[in-house]
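Below, subunit A partners subunit B and then partners subunit C, in two separate complexes.
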Partner chain A sequence: MDSSEEYSVSGSVTNRCYIACINGELSSAQMGQLYDEIVRMAEKRELRGVIMDLNGLAVLDSAAFCVLRKISVALALMGLKSAWMGIKPAIASSLVDFGADVDDLCICLNIEDGVRLIGSEK
Partner chain B sequence: MKTNGIELEKEILDQLPAIVIAVDKNFNVIYANNAALNFMGSTPEKIIGQHCYNAIRNPQCNTPECCIAQAMADGKVHTIRSEADGGTGNRFLESTAVPLKDEKGEIVGGLEFVLDITQKVLDEKKLNEQGRTIRDMSTPTIKLWDGILVLPVVGVIDTNRAQHMMDSMLNKILASNSRAIIMDIQGVAAVDTAVANHLIKITKATKLMGCECLISGISPGVAKTLTQLGINLGSIKTKATLSDALEEAFSMINLRVVTTEAKQ
Partner chain C sequence: MTRYCKNDRVLEASVKLLESSTFELNEENDQATAVFMTREMAKNAGFSLADEVMVATAVSELATNILRYASSGSVRVTVIQRGDERTGIEILAEDKGRGIRDLKLAMQDNYSTAESLGLGLPSVERIMDEFEIESDFGQGTRIRARRWL
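And then the complex of A and B:
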């Protein structure tokens, strides 16, 4: 994870959950990097799921939202659960305003909640 | 008092409580009425022929915001609001400028008249404050239990209020780390397509924050209307009463209410 800072994604593993902190702005290159990183970790550490911490995001536009969704779907295809965390009020209301489809997303309140969520249902 | 002619017109203008100033194309003052002279503390001899920006010294002087300059440039009426210290505390002034034209219709100068709208501005401020107070009163997000919030909604839900409700709820969720929020719509007079859409939007936004939104207080009438309008509330959890919703919220945070044995 040496190069993670420059892509403004940093992560750690706890309870077989990969917690990815995403900061700054999201580009598709960064998302590709994040996806590769998660997949690599998933093989190495036998991950059960991924918590995506979006607390450091100032803005989240529809393109970035779609990319994040695609990552969740791709992870689900590999049998990994993903939970989103730390969406700011302003981002939440703007996502709803542009009609983002949030129905099948798994969103948790904090890391504890997310670890429980990913660990519990099987 | 004179009965006709230019003198009469000047006297009338002098008795007007509004400031009236006329300038030529180079911003030299060609006329100022009594109110204007009083405001500037000057006499006609000192001021006629002077540049108006030297006499008045408004923050807008010599900037593109000057309404006389704007009026002379495009031949239209311009109005700006400004704040000035007139010796008796801050006064709010509204300046309106019109272009002066000669008989051929060409612009030869500008006329500005200024009204003191301090009272009006203060009233507007008060009105805004009261509006904010009412808005805050109408969207009280209350912490009901550790991890459970409740928002009783009374009255009419319009777009503005829905937005305010959403902001209030989201910020409270963030602050209190709550996992469930109950929106009680018992007091909402009517639920139509627009209101239902607002409710759906709010529940989606709270879900994005990681907090499940329960809607309680759906009366038989409202339930009937919703089905008749063909509105699908989808995956939103709805309950008839606040206590039902609270029970559901308790089970979501793994709590259970039990009856203890009665004391002898």
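And then the complex of A and C:
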């Protein structure tokens, strides 16, 4: 399978925050790549944090949620903050439906808000 | 063979099948196709955006499980109708993988043999109005689930 370059995440860096735009229907293998990509990026760029923009995500199942969570945990262990942005109502209700534990996640409203949260003291 | 049903109710037999698509699952991209097509079918059947996403999420969960635990299998999505004309969507997920030894356990929140969250199957049960899972350990797994409009 040659999908190594096909997963649709695009990113840019502002104020030492990496904004990862995640689009489409991500399969679990692609989520694995996303994990590698974000963690590698975080190390290389001397980032302060990562904003995960989920607005383009059509469907989020529990395996995909688990990977996103693991990304946040890995980043935290590297001393980086992460914020989730752009959770659409339909995705929010699936999260509620599968009883996902979202209490310790940092959710932001927009990029500005995310940059501020990530830049703030712990 | 063992079986588990939501609310101990087996699926009603008398439903009309209106339109159906089967998606073979062999690699990751097949899952994305199945999820995308399910959304289209649910939308065309009259489901609201929220319901459409939920049914697609259920397909995504089942497809993830098939690829992860059985390597391959299929998901069939059907627009169905009951005697009282109520429309719904039925998902049939089948594989000939290793099967599930203890269905009760697999249906519990947070039970996972893959260090994942273990929320897939229980969330599909919650999302769908009717849900039935059958498995022959060592032979495969078959799940049927319906959501009514």
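To be clear about the criterion, the second predicted complex is superposed on the first by the 116 of 122 C-alpha atoms of A that agree within 3 Å, B and C clash if a C-alpha of one lies under 4 Å from a C-alpha of the other, contacts with A are read in each partner's own complex, and residues count from 1 in each chain.
The rule we apply is simple: contacts are C-beta pairs under 8 Å (C-beta built on N, C-alpha and C of every residue); 3 or more make two chains touch, one makes a residue touch a chain.
What you see is a predicted model; the values in this text were computed from it and never measured.
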Touched partner set for A:A20, first subunit B, second subunit C, both or neither: neither
Residues of subunit A touched, compared between subunit B and subunit C (which is higher): C
First (subunit B), second (subunit C), both or neither touched by A:D103: first
Which of subunit B and subunit C A:V59 touches, first, second, both or neither: second
Subunit B versus subunit C as contact partner of A:P89, first or second or both or neither: both
First (subunit B), second (subunit C), both or neither touched by A:M41: neither
Which of subunit B and subunit C A:D113 touches, first, second, both or neither: first
Doubly contacted residues of subunit A, that is, touched by subunit B and again by subunit C: 89, 91, 93, 97
Subunit A partner contacts - residues on subunit B that touch it in the complex: 163, 166-167, 170-171, 173-174, 177-179, 201-202, 204-211, 234-235
Touch list for subunit C against partner subunit A, complex: 27-29, 31-32, 35-36, 39, 49-50, 52-54, 56-57, 60-61, 64, 67-68, 109, 116-117, 119-120, 122-123, 126-127
Residue ranges of subunit A in contact with subunit C within the complex: 1, 3, 24-30, 58-66, 69, 89-91, 93-94, 97-100
Residues of subunit A that touch subunit B when the two form their complex: 84-85, 87-89, 91-93, 95-97, 102-103, 105, 107-110, 113
